[in-house]
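In what follows, structures are represented as structure tokens.
You will see chain A twice below: alongside chain B first, and alongside chain C after that.
On to the complex of A and B.
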């Protein structure tokens, strides 16, 4: 009886450990396979590879689609992150500190871009931009402000969520002390509040950047004809073929984002962010 | 009272930019789309002003679109069940581990989330292709002679979406499991329960609201999946999100695309609200 139970327990532990590592393996397998493929010397996928080569990485320098897509994604993501933070910091301050009617409702309202399916937001904005353009002659469809505005919308819920989570832990007494010593509102914000919540700011900036940089569904509707962001360029290439070139592009993206996450982990600790 | 009013104005001013952005870039476009979903579409004449429910009727009655909705629901349910099963052990391990390298383990969960669905789909294409890893391994071990067709099957799409959703589910579950008082589990263990009984009778019931939340999240993400079905399912594998994009962008059938989008959104929002209500009622927050 006892030995049976022990055996069962040991088996259970083994199964649990196996399931944990299988889960991690499942998460990382597709990324590792892409990394592997990017070093194949043969262009058409066949395993095992004929040999290994770095030439696909050199070849990337001539791929205008990917370079232009990367630059556009980078520009849009940087602008969207800055604008997202600029509108979210004041809103978060008020939402955390204030006790007023409708606070909960406004919080939910600002979270809405996270709940509405991205493909629906993209379709709605596409139709809206075209109709606005017809009505007012303001060219929004396929324009940079339209694309950036849509990406700012995407970053707002992430910024608000991460900033409010950080502000809750901040003791208002510290700011009151600064005020009682004669500091004015803006000085308190710049010299006391923001430095104290900077892990939240870093986290919000990182998430906003990554959410914008990686967005596919909304950009798909809003880029100008002939223009692509990096995720769209990758998708369209993959619809056509899978080869070491696209794997090399993907690898560079993985390395870039991995480095950003690793830096965040060193600076603020990933466990506090996610 | 003047200070009270000044205070209220300052509050409104601080919240206005973010709120106006959500209003202008989300609410107004959605309202316009809702209106257009009741317009009618005449081939060759684009969109014709009307107030009709014909688009919604078409969605409910046309066998093709019923198939699209049915396929999307089937895939989403399968994905959700699989994701919860695969995700739980990882989440529990993350929540309970004492290792110094927790940051790195979290990185392993978060990195896939951030590298984009198309990149992950590319990885699965390496595994699933005719000359891919799975077929080569099966052939090397002598289990099959002729390569299996894995790409462009529901299996490939389901595996692909599971791997996309897994990160979200693991993060949601592990924060819930972290919130469970360890002493409850220790009490059960000290009273003679086996680890499995402890899990079944203590941990699982305590984590049920989180399990529901993670399940709903996974279901919603699958319903709205775009890149994974396009790349791993191929052109003939039609799920809701790719069909919405196709109707609006390629076919320029705005009224029908709008009604498809609205149904997709209503299912998503309805489920979120329903799950929140259920958790609130059952566990009274």
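On to the complex of A and C.
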């Protein structure tokens, strides 16, 4: 009996380990494959490759679409992240500290963009912007504020999630102590609250940046004619070419985001905040 | 002038009154202790004084300043919290300097005042530490220094010792008392621990369900509790039910005993265990009593007595002599001086 139990336990542990590694493999394999492909020298994908080269990376430097797309994505993501934080910091403070009617409803409302498919958000915003334009002559669709505003919807849920998680662990007595010592509201925020949720703030900024930077569905509806974000540039390129250029762009993106994650982990310890 | 006056202070949460028309005065340099069971409104009272919660009605005055509607940062009140509430991202020095920096004091003055405050709590050597690197007792002393350095008009402490272990609690308690005497700062401390209250307070305010039950010195509260609630909260006692008339109280079991004060309309009397004088035999001053239980407590021996009528009394007397040899079942004598029989008013009513 005892041996049977031991065997069962051992088998269970093996199966568990196997499942974990299979999961990792499933997640990582495509990325590793892309990484590998980006160095193939042949234009038409085939295995094994004819040879290896950096020509796809060099080629990127001459492709205006990708460069412009990268710059626009960067601008949009930075602005959407800053705006998302500006909204989410006060909202999180109120949501964590406050005990009022409708608190749950507001929280769910702010988290909603995580649940609604991005393509639906994009289409809905497009229609909404057009209606607004018809009514007021303010051209939102295809404008920079419209695009950034739409991306802010994406960044808010991530910011709220990470900030509230950090704020819950912050003893309100610490802020009260600051008040009793003569600190008014904004001084408390700047000197006590924000420094104490700093890890959450950094993580929120990082995640917000990543979701905005990688977003395709919403941008697709809202970019100005002739302009592209990086994901749109990739999509458009794929429509008539299938060479490893895409793999090179993707690899650069992965490296960029990976570096961001690594730096964040160094500064605040990601395991602690996410 | 009084340091602090609370005038009919009230806080409602919904239709529940957490604090109900509470009035009290703290004299300059006085150490006042708010004592009461959990949930009786002590913290809410303190938080209204500090300005963290708004009073529903009533008034808080600091000196001749009405501060009822002032935000906390303009009150100049030192607050010490149960869980220290130090700024974890700041060094001990910066924690203590925080209030002075808000007051825009020059750097040199900050240096000397922080050093002096840390000296008061014997933490001079710890200025560069982070709070995390210190023990609970040390952290609480930093919190005390941080509250004192701003020279507050009053110092508020909410169960400041309850997060410490028993030995440290005694140590910090002594230090707190010495410090308060030294600085002569008006102080209110909240606790549910009667020992702490008795040993620290010049005056005690016993609270029950949002109201003041009684205010007085530790001696007054012990000797002349106004209600059964106060009597049972401070020290231990025998409570006998019955009817009083003139200078005589008759228990439900028919035992009649003389009292020093008139006990008309009194339904409960209190007899403190140590007020009962035990002797090996009954006599004119001592009623016969049978020993039910003996507990040796070192310097004191506790004896549970059964009286002929059925009344039970707990008595406590210095150990030694015949008392060391007393056995359950033995018949002895119990003397109860008339002044030891204290008539208690109905719940909440003050009676002296």
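Methods note: the second predicted complex is superposed on the first by the 252 of 274 C-alpha atoms of A that agree within 3 Å, B and C clash if a C-alpha of one lies under 4 Å from a C-alpha of the other, contacts with A are read in each partner's own complex, and residues count from 1 in each chain.
Assume a contact is a pair of C-beta atoms (placed from the backbone, for glycine too) under 8 Å apart; a residue touches a chain by one contact, two chains touch by 3 or more.
These figures come from a predicted structure and were not determined experimentally.
With chain A as the common reference, the superposed partners chain B and chain C fit together side by side. In the superposed model, A:148 lies in contact with neither chain B nor chain C.
By the touch criterion stated above, A:171 is placed in contact with chain C alone, chain B being left untouched.
Looking at the shared chain after the overlay, A:197 reaches neither chain B nor chain C.
Contacts of A:179 after superposition on the shared chain: chain C is touched, whereas chain B is not.
In the superposed three-chain model, the partner touching more residues of chain A is B, compared with the other of chain B and chain C.
Once the two complexes are laid over each other on the shared chain, residue contacts for A:238 go to chain B alone; chain C is not touched.
Once the two complexes are overlaid on the shared chain, A:100 sits against chain B while remaining clear of chain C. When the two complexes are overlaid on their common chain A, residue A:85 makes contact with neither chain B nor chain C. One geometric descriptor of the composite model is the angle centred on chain A: between the Cα centres of chain B and chain C it reads 100 degrees, in steps of 10. Between chain B and chain C in the chain A overlay, the least Cα distance found is 6 Å. Annotation: chain A has no residue touching chain B in one complex and chain C in the other.
Note for the complex: chain C touches chain A at residues 50-52, 71-79, 81-83, 85-89, 98-99, 102-103, 143, 146-147, 150. By the touch criterion given at the top, residues 171, 173-174, 176-184, 187, 191-192, 195-196 of chain A touch chain C in their complex. Listing the residues of chain B that touch chain A in their complex gives 8, 11, 13-15, 17-19, 21-22, 24-26, 28-30, 32-33, 36, 86-87, 89-90, 93, 102-112, 114-127, 129, 131-133, 136, 162-163, 166-167, 170-171, 194-196, 220, 223-224, 226-227, 230-231, 241, 244-245, 248-249, 254, 257-258, 261-262, 264-265, 268-269, 272. Every residue of chain A that touches chain B in the complex is listed here, in rising order: 5, 8-9, 12-13, 16, 19-20, 22-24, 26-34, 36-37, 44-48, 86-88, 90-91, 93-95, 98, 100, 106, 109-110, 112-113, 115-128, 131, 149-150, 152-153, 156, 160, 210, 214, 216-217, 220-221, 231, 234-235, 238-239, 242, 246-247, 250, 253-254, 257-258, 261-262, 265, 269-271, 274.
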